[in-house]
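Paired with chain B in one complex and with chain C in the other, chain A is shared by the two complexes that follow.
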Partner chain A sequence: MNKIFSVARMEILDIRRSKLMLSLLGFFLIAAIVSVVVASIDFGVKADAYKTYTDALAASGITNPATAPQLFPLHLMRAAIEYLEILGALFAIILGYAAIAKEKQRGTLSLLFTRPIGNFTLVLGKLGALALVWLAFVSIVVLATMLTAVIAGHAQLSATDVGRLLLTILGAWIYLLVWTAVAVSIASTSKKLTTALIVSIVLWLLVVLVIPQVGDTMDPDNQVPGGLFKSLQIAKPDETAVLANFTGYNSARDALEISSVTKHFERYTFAFLGIKDQYNQQPIGTVWAGVFINALALWLFAIGTLVISLFTTKPKTLLRTSK
Partner chain B sequence: MKAIIRQELLALSRERLPLMLFTVFVSMISVSSLIGFLTKTTVSDVWIRTREAGLTSAPNPFASLSPLYYARNSIIYIILVGTLMAIIAGVSSALRDRKAATIDLILSRPTSRSAYIYGKLIGITIWLSLSLFLVGVIAAVVISIIFGAALPASDYARLAVFFLLALPLLSGFAVIGMFAGLLSKRETSALLLPISFWAFVTFVIPQIGTAARPVALLNPVPLPPTSGGPFGALNFFIGPFAVSEQFKVASGKILNDPDISGDFSKAIISILGFAVLTSFLISMVKRTSIRGVLSE
Partner chain C sequence: MKSLYVFTEKSICRLSVLSGTRPYCDTMNEFAIVTKDLTKSYKDVVALENLNLSVRQGEIFGLLGHNGAGKTTTVNLLTTLLVPTSGTVEIEGVDSSKSAKDIRKLIGYLPENVQLYNNMTTMENLRFFANLSGLKKPEARIKEVLDYLNFNSHYNKRIGTFSKGMRQRVGIAQAILHNPSVLFLDEPTSGLDPEGVRQLRDVIIRLNADLGVTIFMNTHLLSEVTKTCSSIGILKGGKLAYQNSMNSTLAEFPDQDSLEDIYLSIETAD
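Then we have the complex of A and B:
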C-alpha cells in the first residue's frame, strides 16, 4: 500500500510542477467563471427587458400577461457544466495520457520495474492520484462558479441546492475519471505516444462532440427555429401521440445518444441542477428516481474503463510498448 | 521551394495521423447528408400525420427548402473535424524535421527560412485543397442521389464556393498547428496548445459575445447575440475573432439557409483575415526557434 501512495504522491507532485497542466486547468477555471458571469448578465438583460415591457404596458393601462423571468441559481451553471462535458473531457484525456507518456519518454519504467512492486501498483497509484486531482478540481470549479453566481448573479442558495451541487460534483468526477482511464489505457498499449494522443482525441471528438450533435440533429423538434411542434401549434399531448408513430426512428436516435457517456453525464447533471424543466425544483429523491439509469450508466462506464486500464497498464505491457 | 512542397505532400500522404482524421472527416461529411435526409423525411412525415389528424393547418416547414439543406451539417463537421485535421497536419509538418533532426541539414542548403516555412505551408494548403475537393465531390454526389436528380448548376456552384471558403479557415488552423510545432519544446505541448486554442476560439469567444452555451455552438446555425446589455458591443469587438461562428454565417448564406442571420461580408473578411494574419505571423518565427531541440 505504501508503494501505491509513493506513486500517487509523485504523480501529484509532477502535476503541480507542470506549467502546461496548471495553465490548462487555470484556463478551464477562468472559462467556467466567465460563463457564469455571462449567464448572470444575460439574465439581468432579460429581467430589465421584462420590466421595460411591463412598464410600457402599465402606462397604456394593460396588465402584462407574461410571467416575469425567474432566477434559478443553479441554472447559471449550465455553461460551466457544458464546459466540463466538452473541455473537461479533453483535459482529462491529456492528464491521463501525460501520466503514462512521461514515464515512457523519460525511460524510467525499466528502472521502476526493477523494484519489487506488484502488477497493479503503478496504475493504482497513478489513477488514485488523478482521481484526487479531479475531485479537487471539480470541487474548486463548482465552488468558484457558485460563488460567482452568488456575487455576480445575486443568487441565493438553499440547503437542497448544496445537496444538488454535491451530486453534480460526484457525477462530474466520475465522468472525468472515465476519460482519464481511457487515455491511460490507450497510452499504455500504444507503441507510439503521438498515435495514442491522437487516437484519444479522435475518440473524444466522436463521443463528446459528434454523437451528441448527430442525436440533436435527428430530433425533429430541433429542425425548426423555436421548435417544430410549436411552429405547427401542436399541444404537448398531441405531440406525444404523433411521435408514438415514429418509435423506430426515435429509438435509433436514443440508442445513438445513450452510447455516449457524455449524454448520460449531461442528463444526470441537468436533472440535478434543475436545468431540465421536468426536474426543476423537484425533491432530490424524485430527480434521483428519474436519472437512476444515467447514474448507473456513468458508474458502469467508470468501472469498465478503470478495469480495462488496470489490465492494460501492467508492467509487461508497459515495457513492451515503451521499447 | 518546389522540393519542399513536393516533400510535404509526399509526407502528408504517408503519415497515419492526418490520414486518420481525414478518414473521419470524409465519413462524417458523407454521413451528414444522409442524416439531413432522414431528418427531413421524418419531419415531413410528422407534418403529414398532424395534418391528417386535423391538428395543424400550418404549411410543411420543409416544403420549400433547397436540396442544399442536406449540406447544412457539413458546416459543423468542417469546424469540428476539418479544423482538427488541419491542426494535426500543421503540427506533424513542423515537427517532422525537428524530430528527425534533419532541420540543420535542410537549413545548411541554400534555402531561406521563409522558403522553408512557406514551402511547407503551400504543401499543406494543397493537401487541404485536395481533401476539400474530395469531400465536396462526395457531398455533391450524395445530395444528388438523395434528391433523386442532378441539382441545378447554381446549387453545385454554391456547394463549390462553400468548400472553397473552408480552405482559408482550415489553412489558418494549419498555420496555428505549425506555430506550435515550430516553437514548442515538447511534442505533447505542440499538439495540445493549438487544440486548446481551437477550443478557445470555437467555444469560449462566441460565448462571451453572444451568451450562447457551449453545446448550442455545435449547431450549424449561429446564434445571434442577446439583444440589450453589453452583448451587442461585446459581439461587435469579439465576434470577428470567433472565426468558426463567422464561418457558419458565411457558409449558411452561401448554402441559402433561410435560418441564417448575420453580416456576410464581415464574416468573409473575418475568415480571410484569420488566414492572412496567421500566414503573415508565421514568417516571423526565428531560425533559432525552428532549429530548437525537442525535449522528448
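Then we have the complex of A and C:
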C-alpha cells in the first residue's frame, strides 16, 4: 500500500510542477467562471427586457403580462457542464495519456520494474493520483462557478441546490475517471505514443461529439427549431401516438445515444441541475428515479474502463510496448 | 568506507558502515549469478541461446559483445525485466521463475542512459525509488549514499539541470539505496566524457571494494573493462563464446597485446 501511495504522491507532484497541465486546468477554470458571468449577464438582459415590456404594457393599460423570466441559479452552470463534457474529457485524456507516456518516454519503466513492486502498484498509484486530482478539480470548478453565480448573478442557493451540486460533482468526477482510464489503457497498450494519442482523440471525437450529435439529429422533435410537435401544435398524447409508429427508429437512436458515456453524463447532470425542463425544481428523489439508469451507466463505464486499465497497464505490457 | 563481513556456518553477513542499514545476510553461495541454458526468443529470432554463465560473489564481471550480441537481453533477463523462453536464472540462489519479486530485493540496476524524473530534485527521485524498494523514512540513508558518492551538494537540485555524468551518479545512488548484493550496469559509461568515465569507474571499484557488491556490467569500452573487471564473458550471436577471469584471460592469450586484441580474436574465430 505504501508503494502505491509513493507512486501517487510522485504523480501528483509531477502534475503540480507541469506548467502545461496547470495552464490547461487554469484555462478551464477561467472559461467556466466566464461562462457563468456571461449567463448571469444574459439573464440580466432578459430581466431588463421583461421590465421594459411590462412597463410598456402597463402604460397601455394591459395588466396581465407574460410570465416573468425566472432565475434558476443552477441553470447558470450549463455552459460549465458542457465544458466538462467536452473539454474536461479531452483534458482527462491528456492527463491519463501523459501519466503513462512520460514513463515510456523517460525510460523510467525499467527502473520501476526492477523494484519489488506488485503488478498493479504503478497503475493503482497513477489512477489514484489522477482520481484525487480530478476530484479536487471538479470540486473547485463547481464551487467557483457557484460562487460566481451567487456574486455575479445574485443567485440564492437552497440546501437542495447544494445536494444537487454534490451529486453533479460526483457525476463529473466519475465521467472524467472514465476518460482517464481509457487514455491510460490506450497509452499502455500502444507501441507508438503518437498512435495512442491519435486513437484517444478519435475515440473522444466519436463518443463526445459525433454520437451525441447524431443522436440529437435523429430526434424527430429536433427537426424544426423549437420542436417539431410544438410547431405543428400536436399535443403530447398525439405525439406519443405518432412516435409509436417509429419504435424501431427510436430504438436505434436510443441505442446509439446510450453507447456514449457523454450522453449519460449530460442526462445525469442536466437532470440534477434542472436544465432539463422535466426535472426543473423537482425533488432530488424524483430526479434520481429519472436518471438512475444514467447514473448506473456512468458507474458501469467507470468500473469497466478502470478494470481494463488495471489489466492493460501491467509491467509485461508496458515493457513490451515501450521498446 | 569499509564493510565488516561476518561469516557463520550458513551465511555471510555484510555489516555495512553506511549507518541506518540493517546487516545484509546472504545464504552463502559461491556464485552470485548463475544461469542455466538461458534462452530468449522473439518469434523466430533467438536473441540468446543456452547461456550458461556463473559470476562469483564479489566479482566485477564485464559482459562484452558486438551490438545485437544479446548483452542487453541478458541483463534484462537477469534483472527480471524479461521472462526467459527457457532456462533458469538464479541470483544469490533465488530462482527468478519462482520469485522475481525476491530477486528484485537483491539487485540494483542502472540502465543505459539512465532517465530519472527531471522536474524532481535528487532527494525526491531517490526517496521515490527508496520507497518502492520498501525503505521507510529513507532520508538519512539517501544522505549517506549521496555523501558516499560525493554528491550531497546536489541534494536539493532538480535532475533536469544535471549533466549526463551527474545523472549517472544519481542513477548509481538509486541502484544502491536498498543495499543490493548484485548491481547490474548496462553500458554505464555510454555517452560520458573522459572525466565522467573516470569518476564512474572509481565509483564502481569503490562500491565493489567497500560494500562487497557483485557487479555485472555490459560495456563496449574494453579499456574500462581492463581497468575495472575481475572477470569477463564474451557473447557472440546470442551465445557465450568465452568466460574467464581477467588474469586467466590475459595469461591465456600471451601473444595478444591487449584485451581489445583478445576480444577481436575471439570474435572473429569460427
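The rule we apply is simple: the second predicted complex is superposed on the first by the 321 of 323 C-alpha atoms of A that agree within 3 Å, B and C clash if a C-alpha of one lies under 4 Å from a C-alpha of the other, contacts with A are read in each partner's own complex, and residues count from 1 in each chain.
Quick note on the criterion: a contact is a pair of C-beta atoms (placed from the backbone, for glycine too) under 8 Å apart; a residue touches a chain by one contact, two chains touch by 3 or more.
The structure presented is a predicted model; accordingly, all values stated were derived computationally and were not measured.
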item	value
Which superposed partner A:Ala31 touches (first chain B, second chain C, both, neither)	first
First (chain B), second (chain C), both or neither touched by A:Leu232	first
Partner chain(s) touched by A:Ser18 [first = chain B, second = chain C, both, neither]	second
Touched partner set for A:Ala39, first chain B, second chain C, both or neither	first
First (chain B), second (chain C), both or neither touched by A:Ala152	neither
Which of chain B and chain C A:Val242 touches, first, second, both or neither	first
Touch count on chain A, higher of chain B and chain C	B
Residues of chain A that lie at the interface with chain B and also at the interface with chain C	none
List of chain A residues in touch with chain C within their complex	2-3, 6-7, 9-10, 13-14, 17-18, 106-108, 110-118, 121, 316, 319
Of chain C, residues touching chain A in the complex	76, 79-83, 101-102, 104-105, 107, 109, 111, 113-120, 124, 128-129, 131-134, 136, 174
List of chain A residues in touch with chain B within their complex	20, 24, 27, 31, 34-35, 38-39, 41-42, 44-46, 48-49, 78-79, 82-83, 85-87, 90, 94, 97-98, 101, 105, 193-195, 197-199, 201-202, 205-206, 209-210, 212-214, 216-218, 220, 223-225, 228, 231-234, 238, 242-243, 245-246, 249, 266
Contact footprint of chain A on chain B as seen in their complex	16-17, 20-21, 24, 28, 31, 35-36, 38-40, 42-43, 45-47, 49-50, 53, 55-56, 58, 61-62, 73, 76-77, 80-81, 84, 88, 187-189, 191-192, 195-196, 199-200, 203-204, 207-208, 211, 213-215, 218-219, 221, 226-231, 259, 296
